[in-house]
Every structure is written in structure tokens, then in C-alpha cells.
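Following this line, the structures themselves.
In what comes next, chain A is part of two complexes: it sits with chain B in the first one and with chain C in the second one.
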Partner chain A sequence: MTTKPLPDSLSLEQFNQAIGELREILGPERVYTDDVNELRSYRDVYSTTADKLHLPSAAIAPESVEEIQKVLVVARKYVIPLWTISTGKNLAYGGAAPRKSGYIVLDLKRMNRIIEVNEKYGYAVVEPGVSYFDLYNYLQERNSKLWIDPAAPGWGSVLGNMSEHGAGYTPYGDHLLMNCGMQVVLADGTVVDTGMGSSAESNTANLYKYGHGPWVEGLFTQSNVGIITKIGIWLMPEPPGYRPYMVTFPKEEDLFQLTEIAGPLRLNMLIPNAATIVGLIWEASATTTKNQYYQGKGAMPMSARQKMADDLKIGMWNFYGALYGPPPMMDNNWKILEEAFRSIPGAKFYFEGDRPGDPAFDYRAKLMRGVPSMTEFGIMNWVGSGAHIDFAPRSPVTGEDAMHQFTMIRDRANEYGFDYIGEFLIGFRELLDVFMLVFDRTDEEEMVRAHECFGKLIDDHTAAGYGEYRTHLDFMDKVAGTYDWNDGALWKLHHRIKDTLDPDGILSPGKQGIWPKRMRQG
Partner chain B sequence: MIVIRSFILIVLCSILLACGEQSTENTEQKTKPYGANKVVTTVAPPDAKKIYDLNCLPCHAEGPGHAGTMRLARRLGEDKSVLTQRDDLNADYVKIVVRQGFSLMPPFRPTEISDSELNALAEYLAAK
Partner chain C sequence: MLSRRVFLLSAFAVPGLSLLQRRAIGSEPAASKVLVLTEGICGDTRAFAGCLPASQFEADPGPMLLELDKSFKEGGFDLVFGLSRDSNFMLVEQYAQASRYQLHYHGIHKYGATGLSHSLQGNSEVIKYLSKNLPTVNKDWTDAVSQIPALSEYQDRQLLKAEISSSHSRPEQSPGLLVSWLFKRSIS
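Let's look at the complex of A and B:
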């Protein structure tokens, strides 16, 4: 018989009392305590550790700010950790599961109103439960001329992805940069509208980010000192023209020159969107699986990879970008881009219509114009029952750094028997390397191996000067420990803020390695 | 999620009005709607096809580029790869898979698909 996980220091009797009070607030239908029929849906089915480390004691689903305030009164009274999620699709980083077993998940999926869409000024105001699909469908139904900027899986939360510092693929791909206006409920129940929105009569709450005084929005992202209940997000007006393109490159070493070329073009905005350099297997996984080309153990050898590349007419690297604007402008920009990319021997160029029936090109073309899909989830098919966690370091946009990261990850992954499944997103001044560690979670030994591999990757990159911008629940403390300059001054600051704004330590303890005083080690 | 927005407009309006009078233990606070030209989503009543289209179709539609269809084709064969074309699904099985997850498919929570919506979805797929 299994024992129900409970919040630390709470007896079953106290827990049941608290649940009773939460049911008084939310009604029995929005308080979930059935471990099998309800709470198993809050597991992280992709983690490299056992489910039992991240099982909630309950989940609750408020539908308004007022209900959150009332829930907080109960949480403070019983000192219950509340783990906040939005759509719960932060998959590869923990999904809907809490940092530690016993927490109550504060599930904001039912706060799913699209409060405003401003067609003239190009923004939307949304609650946490609004997914990219929701916002896209809403705009389409109203013939809006505004685009969204979705993360690759369309079921993600607009608010949640922004607050995790997520990225998309249109020119609005830096989601935190596109946030303007935020409403936060603090641990004591105080409701704060940030920036210009803090002025009662403001008409620029979603137009100008900074207001007067300190700019505080960042404090509430990847954080646990408040509950974000509403954000403004800028939406890109549909441009007069759009042309997605793909350029394939035949050799792994081409990454060096490609990055050297693409970096300055991005910085100077000839490449205006968050363009991507997609690795072979990431690209191939939209249409094929590993065992179609390799049935052996361990990482796929180069001979099989080359055959797959040849069969699918893709490169070891596949560059996706898009042109936006009036046709003459796109024509002129393309001349420069084409000449630059053509300097790499073997480069091949593709536009819309050149790759009929290729789902990889299709979903990339959609993403770069803000159409959400779930095609990228096909990567999970690469191995049998594919689970995955993502490793996401940042580096400068140079060929040397790109190759250094790529070879470090590839070699370490191969050493542990995993394939390199990666892509690089090109920001203005940084490369975001996303390595998807795909493994079979039904194989316990492989799960352990994946966990060890991930830890080594963090060590390797820390030693080389590359920091991770986001990580899975199981590695939050480890990554936080790499931000250690000056005796860990930054995390000490985070803890001082945490202790001040959430003295009871009830909001998402351990998020990003930020713990309340009562739970800090040492 | 449209199906989960089981609010009616009147309720939404009352919530919005209530948002204007939030109070905390210590201070009276006022919040206001952001900007002008407020547009509030209205909500359709639960509808099995809509539930399916929003939650399942993106991975289980016919044709390439759909992770669930691709997985089922590998596991069970092409003829059983598209959920809405299968005649061997029973409602209880669908409910278990949705709540517990299966293979690469993560579970769906009751806040995403409520129990009554799940019943409707399961019956919809079982009746195909």
C-alpha cells in the first residue's frame, strides 16, 4: 500500500482540514485529491527520475484572482507549498509536476480568458490558461490581422512560456521582450499591476513597458515570489509579404561557417526572425524513426545518418529563416542572404512548394508565421516510447562557440548511448542551443543513464563558460549552483527577495533553485 | 481551452466586475481592465467533437506531421493509426489513456478535460 505524499510537516488530519477549507472556497469539483484517477495526470511522464519524487498531494483550480487570494489565506495558515502551473505543458522541464512530492499544485488552466485583443496597437491580454491554440483560434475566428508567436508545441501557455523565458520563431520570438503589462498576486494576497498599469487611469498599460520606477516584471518570471494572473503580450501585425526558406548544409563542420555568416545577418536584421539551425535527427524525426535506419545499440553511426540525410534530402544542418515585408524588400534582402549562404559548398535552397509533403518544412513555415501545431512532438517517436528532457545552454553567436557546444554535447551524448538531437536558435547576440535528450522511459537502466548524462552536460558547459537558461525540476538546484560568482551573490539576493515577499515560503518552493528559508539546506 | 471555458458571459461579466473590487487583508485595492475595447471570450457548451479537435486532433489527425498517428502506425499498423477511423476503441480505455497518458502521450488533467467532457470524448471515439 502506498502512502499519500503530504506537504512537509503536515499531519494527515491537518491536511484534510486544509483540503476541507479549500473545498469551501473552490467547491469539491475543483479540488483534486484522488491519487489514481485525478493526480496521476499531474505526473511528469518525461523525467529521468521516478514519479514518486514529484507527486502532488492535491491539485486545485481557482478561476479568479479572488479565489487565488482566498486559497493563499489557507496556504499561509497551514504553510502549504503551492506549485503554480498554467497550461501544465512545460514538458521536458517538468510538465505539471511539482518540484517535490507533497506540494499542492495550483493549476491555473481554468483561468483561460482572453481579456483583450487590441487590433490597432497589436497586443493581447491573456490569463495563464490560454494556450497558443486558443489565442490563434480566437484571432482566426475574428479575421484578425495579428500573428501570435507560438512555441513549437501549440498547447503551451502564452503566459507560461513567456514567464519561463521561452522562445518562438517569428520576429517576435523573444517572448519576455514582448511582454508588456503584468498582474501579480503576492503571497499575502496583494494584487499588483505593473508598469504603466499601476496608474489607475493609464491608457498605455500594454504599450509602454517600464512605467515609473523599478521595472519589476522580471522578478516574477522563472520565479516564486508571486503568481502571475494576467499579462499583456505584443502581437505582430501581418506583414505585406512572407517567404519562408530552408537551406541545407551537407557536413557537420559546416556549422562553423554557417554560424559565422548567420550571426551578423541576424544582428543587422536582414534575418529578422528567430532563425534556427536544425540538426539532422531533429529534422528527420518529423518523418522517420531511428529503427528505420539503425537497429543497433547506442548512438546512430555516421553511415546510417548519411543515408538518412540522402534519403530525406536534408542536411547535417538545416537552416530555417523567413523574409517578411513588401516583395521588393524581400527580393533585395534575399540577394544578400543567398550570396552569403551559397559561399558554403553544397548549400541547397528550398522555398514553399519545393518540398511537397514534407511535414518538417511545413511546420517550420507555419511556426515562422505564427501558426501553432504539434508536429515537433514527433521527435518523441525517434525511440520507442520517447521521453525527453531538454538541455538549453546559451553562447555567443560564433562558429567557434557553436562547434564547441555541438561537439561537447554530441560526444557526451554518444558516450552515454544517446543521439545528438539538437537545434540552435539565433538570437540577436546569443545562440540558444537546445539539445533534446530523448530516451526510453520504460527502460529503467536507460533512464538512469539519461540522468547521469544530463548532469555531465551541465558540468561540461559550466567549465566551458556556457550557462543554462532553463532546466528540468530535477536539475534546478544544480544549475542554480553554477551561477556562483562572488560567493553566490545572485542566489543570495534571490533568497533575500523570497524571504521578504513570501516569508511563509508557500509559493513554488525550489523553483529555479530558489528556496524559502525553512527549506534551505545549511 | 474552449471546452473548459464553461463560463457563460454573465458569469464572466460578474467576475470582471468583481475584479474591480479586490480586497486583501490589509488594504482595499482596485484593479481595472487593461486598455480599451475589451473583448471577452464567450464559451461554447461542451461538445465532444470540439473537445477532440482541440485536444486530440493536433497529434492524431490523418496524414504526415502528426506524432500520435505516426506512433500508432508504427505500433499497430496504418489501418489503426487514425483514432477517428478506428472501430476497436472502447470508452473506458479512452478514459484511462487520457488521464494516465500512454507511451509518448502525456496525461490530460481534469482542468484540461473535465470528467464530463472526458465521458463525452470517450463515447465519441468509441462510437466511431
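Let's look at the complex of A and C:
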């Protein structure tokens, strides 16, 4: 009697046959089946639910498009679900773990070539296994004058983060917007180059996004109708000047006025990058831990938070932005920005050098100039053995919406005994609220509480008209269910596309709440 | 450079090893290459770094992790041992497991109102040694922890758990919780 998770509807004998065929394609060294020695790295270390819900039966690591095509033949033959990952570092949203136990993880980490960097036009073409560190180091070694735009943890995949609609902090912070050109392998093995790249002699595959006819790249992101094997990503030319800054604000209520001020400045590009409004605890956790200020149970009270803010010389809100360009232009823009922010009583201004040894300022300054780091994981020490799942709703950039979201999340989190650890990223026309629900990963009761709290947050925000742009494996169906206008027309469309492009339902079943026909309920 | 910090460990070098324990080891095994990692964030981790030649994480652990990943892939160490905050342990674990290093020992050391609690899991020799020595050591409890790599040379695969406490008081700047851990390279 085996306890090994298997793909639905496959016997152990059939599974072993399939594994044998995969070993013939990839060699035994790139087919992983040992639960202890090989598959431990495909767990979600930040899950609020038991490991057993997301255990792979195996993992495989192809190195080329041709190998993927051969793998797909086996997957279709045995109807094996393949859960595609790039580097598997999507922590807080599921990491490398599959949606359901028994899937085989299609791990593309060995497809890690930087195929092209075009210095003149400012783009790179990369495979899924290329991390932000890889691309950054590659550019540095060649004295490139191009910047990357990393997500906060630098170990993530450039392609993977883009395909999850991730964000960075330079002016190129909208990663999907900066994608130009994509290669996809469909479930039947067909290889498609999108946009201008579909013309055999194209010299604009990574310069002009839309090509001729429907623009299809979006179909393959946060999705499961193809395997992205290559993308073009635009890179920002190094500007003649760079000046990061931080402005602290003393009161929680300042969020209203701050958002009202920052929104138009961002829309008019006086704030050119994805600037952030960082909450007190997020900012403080780079240098301190909760029990240095509060040893009681539940959320940290205001008295302790105020003392921490005073000690660390940070605000209840901390605004990070940067100026880019020739010094006279930065000087002029700063006059406008300073005057605007100074209208909020108690605002304090900091530039590089004003906060020596402050890791929070240092890593923000790095991120906004495209230098990848791993500093942000320090936040997890807030509760000792911390883990997090992220709640990420979008709203208009207004003070009213920002305060509404903040108070809703804070109050719900506090009700469940958790601290508000959040930040707002200011897009051109939308506010991205990222709430890190940080819990003790060694405390099973706290994990259950975090899970329940997260579900309530989705309910609260749906009722208030806010939608989440991305979510953890365990909540994909629930969030998908909130996009339900007109009798769920959008998800019905997703399912029709899924059934057409992947009729066997082998590619990442359940990703973002999109299931193949054979696995849909009802 | 991490490789400059690697030291060779002989089990016979363990202080206080009893005759019985030496007999249990038998003939001296081949020396293991050990990498020790910590971070200079508080008195406990600094004391630990004084016991063993340790490499230290900075506020941004990224550069060291990249180096570590490369070394893991090359199988450069037999044992990787550390005392750190949990976030850095988790990051090391991700790279270690991807290169078939297995967690053989894990301890959580948490300060509370009455002292320091230790939640330990590892082979029986390690757990017995820590259970005996952690509560009695007067000054730096990390000195007892630093003996773990040598004790892990035993081929004893029996895993034990233990919850013990000691009366150590929390040093200034302590994050309140540290973890000690040991990864071994799998031979398969």
C-alpha cells in the first residue's frame, strides 16, 4: 500500500509506466520521484493548509522546447496534469507546490538561457529559469547601461513574475506592460511565437507588442492554456541621475491626504515609478521584531506601535519614491513634490545618506534602481518563525478607497489576532494594496486562523466592490468566483478557451480557478 | 568567499567526548567539510560565531545565498550548519533541498518571560547532548549548540524530539527567536 500521491485516475502501475517514458526522454537525472530527497523542494513553505493537499507525485526538468513537446506526448497519453513553474519562488501565492496533490511539476528552472540583450533598443529575451539575479549579474558583467525591474525578492523568475502580473518599483514596474514577444508551447505541442515574432523574418519581435490580428499574450498569463518558454522584456536605460527619497507621515489618517496628493502626481508622471506607501510594521520589521515592543497576545496595540515609530524614526506611513533624469529636471520635480507632501503636517523628508545603516531604506533604494535583493524576507521574523500569504486587492487611487481598504483589512486582521502589515503601490490609475498576512508557521492553530481570516478578507472586499489581482493556490477558486458578472460569463469564456486549447486538461488544472472539463464540478 | 570558511571536522575533536562515545564511532571517520553560517545581529549569534569559523549573513542575504547555491550544486560541503533568524534558515533550506541536502537537525530557541525554551529535533546523540548541556551551561548556550556538527557524525538515524528550557536571559538586540539547523548532503 503506497501513500504516494498520484495523478487522479492513474494507478501506480500506469504512473510508473509514464515515469519510465519520461525518464527515456529526459534521462533519470531530470525526473524526480523521491519524496524525501527530491520532492521536498516542491512544498509550499508558506501554506496555511496541510502539506498533503499540495504534494507532487513527481517533478521533471526539461531543458528545451523539444523536450517539452515530447513530455506533452506522454502527459496526453496518460492524462497526467502538469503543473508548470519557472523557478518556483512564487512564495505567498503557493511557491513551487501544485494546485492539487498528485500533479507532476513541470519545472523549467533548467531552461535558463539569456538569449539576447539588446543594448540599443533596451530589451532582453529570456527563458523561464532566468532569475532577476541572473539577468542583473549578466548585465553587470557586461557593463550594460540597462536596468532590470526586479520584484522584491531577487530569486524570482523574470518570466514567471511577468506571467503572474507581478510588479516592480522602477518606472518599468508593470511587468506585463513591459513584455514584448512571447513563445508558447500549446498542449498539443504546437510552438507559437506571438506578435511581430510570428513573421519569420521579423526584426521587431521585441519592439512592437501587437503584431497583426488579436493580441494573445494575456491569454497565457495567470493561465493554463500553454507553456511560456521565452519572452522579451523591456529594460530601462540607466538615467543620467537617480535620487531615491522617503517621506514619513505620523498618523494613520494621513493615508487619506497622502493618497489624494500622490495619485495625480503619479498620473502626471512627476512620480515616474511605482512608488509605495509602506505601513509602519512592514517598515519596522526590517530592523526589529514584534516581541521587542509587545509580548502580549493578538495584534500590537497603538501604544506599542507609536513607541516603535518614535524609536525607529519612521511614520505610520512611509512614502518611497525616486527621481530619475538629468539633475536640473530632478531638482525642479522635487520642488513640486516637496511642496505637495509638506502640506501634510508632520511630514519628514529623507534622502540617501540621511539614514545610514537603515536596511529598510537601503533595500527600497536598491529596488527603485533595479538592484535585486533578498532583504524583504526579514519581515518574516516579525513573529519569529513567520510565513505569509498575500492579500492583494486593487482600487482607484483615492484617499477614500485607500482608507476604506486599510481600515477593513486592519480591523479584520486584528479581529483574528494578526497585525496589519501592508503597503500600497501606486499605479497610474489604480492602487495595489498588498497585505502580508504574517503568521507563525510552526503554530497549527494560527495557520487555521490565518486561513479563515484570509477567506473573510475576500468576502469583505467583494462586498465592497474590490477585486484581487492574484491569490494563493488555496483561494484561487474563491477569488475566481468573485468575477461573476452576467452569470459568470468571463470564467465560462476561460473554460471554453481551456477546453479548446487543452482538451485533455493536462496543463496546470485549476490555475487561477480555471479547470478542464473533466475536473469541473457539475 | 564561503570556501575559505569551510573547516574539516573530525568527530574525535569533540570536547568532552566520552570513551563510550569514541568507541561508538570506532575508527576515525573521514573528515567532513563543514560550512557554518550565522548573522551578527545579537549577542547570541556573535557568541556562536566565536565558537566556530562562521560566515555571516548581511541584512541582504542575497549575495551569500547565490554563493551558497553555487556551492550546493557543486556538492562543496558535507554539512551546512547554522544559527540564524528563521527567515535565513528558510532561504537556506530552499537552496539546500533543491540540491539534495537534507535537514538532519532543527532547533527553535525562543526567549520568554522565564528564560529560553528550546524545541529540538535531531538524531538521538544530538538531542541527548543538548538536553544535558543546554540547561546547565552557565554563559553562552550557543557553545553547546556549536557541538552539533561533530555529534551528527554518528550514523544514528533515530530521530528524537525534545522540549527543554534554560534560564538564559535575553541579550540586547535579540530578535527573541533563533533557529539552529544542520543540513547533510544526501548520498544517493
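In this text, the second predicted complex is superposed on the first by the 520 of 522 C-alpha atoms of A that agree within 3 Å, B and C clash if a C-alpha of one lies under 4 Å from a C-alpha of the other, contacts with A are read in each partner's own complex, and residues count from 1 in each chain.
Rule of thumb we're sticking to: contacts are C-beta pairs under 8 Å (C-beta built on N, C-alpha and C of every residue); 3 or more make two chains touch, one makes a residue touch a chain.
Everything numeric in this text was worked out from a predicted model, so none of it was measured.
Engineer: Looking at the overlay on chain A, is there a clash between chain B and chain C, or do the two fit?
Structural biologist: Partners clash after overlay.
Engineer: Looking at A:65 after the superposition, I want to know if it touches chain B, chain C, both of them or none. Which is it: first, second, both, neither?
Structural biologist: In the superposition, A:65 contacts chain B only.
Engineer: Now for A:373: first (chain B), second (chain C), both, or neither, which partner does it touch?
Structural biologist: Once the two structures are laid over each other on A, A:373 reaches both partners.
Engineer: For A:295, using the defined touch cut-off, is the partner it touches chain B, chain C, both, or neither? Pick first, second, both or neither.
Structural biologist: second
Engineer: Applying the document's definition of touch, where does A:190 land relative to chain B and chain C: first, second, both, or neither?
Structural biologist: So A:190 only meets chain B here.
Engineer: Have a look at where A:245 lands relative to chain B and chain C in the superposition and call it first, second, both or neither.
Structural biologist: neither
Engineer: Does chain B (first) or chain C (second) touch A:361, or do both, or does neither?
Structural biologist: Neither partner.
Engineer: Compare chain B and chain C by how many residues of chain A each one touches, and report the one with more.
Structural biologist: Comparing chain B with chain C, the partner touching more chain A residues is B.
Engineer: Give one of first, second, both or neither to describe whether A:206 is in contact with chain B, with chain C, with both, or with none.
Structural biologist: So A:206 only meets chain B here.
Engineer: Looking at the overlay, does A:45 come into contact with chain B only (first), chain C only (second), both, or neither?
Structural biologist: A:45 contacts both chain B and chain C.
Engineer: Name the contact category of A:116: first (chain B only), second (chain C only), both, or neither.
Structural biologist: In the superposition, A:116 touches chain B alone.
Engineer: Among the options 4-12, 22-30 or 94-102, identify the stretch of chain B whose C-alpha atoms clash with chain C after superposing on A.
Structural biologist: That would be 94-102, the one stretch with clashes.
Engineer: Could you give the residue numbers on chain A that contact chain B in one complex and chain C in the other?
Structural biologist: Looking at chain A, the two contact sets intersect at 37-38, 40-41, 45, 133, 154-155, 286, 289, 359, 362-363, 373-375, 377-378, 380-381, 384-386.
Engineer: Quick check: in the complex, which residue numbers of chain A touch chain C?
Structural biologist: 34, 36-38, 40-41, 45, 89, 133, 154-155, 286, 289, 291-292, 295, 359, 362-363, 366, 372-375, 377-381, 384-386, 442
Engineer: So in the complex, which bits of chain B are touching chain A?
Structural biologist: 1-2, 4-5, 7, 12, 15, 18-19, 22, 24-27, 29-41, 54, 58-59, 64-67, 70-71, 74, 99-101, 103-104, 106-112
Engineer: Can you list the residues on chain C that touch chain A in the complex?
Structural biologist: That would be residues 59-62, 65-66, 85-88, 90-91, 93-94, 97-98, 100, 102, 108, 110-111, 113, 119, 175-177, 179, 186, 188 of chain C.
Engineer: Would you tell me which residues of chain A are touching chain B in their complex?
Structural biologist: Against chain B, chain A makes touches at 30, 32, 37-38, 40-43, 45-46, 59, 61, 63-66, 69, 73, 87-88, 91, 95-96, 107, 109-110, 112-118, 121, 123, 125, 129, 131, 133-134, 137-138, 154-155, 181, 183, 188-191, 193, 197, 200, 203, 205-206, 230, 232, 286-287, 289, 357, 359, 362-363, 373-375, 377-378, 380-381, 384-387.
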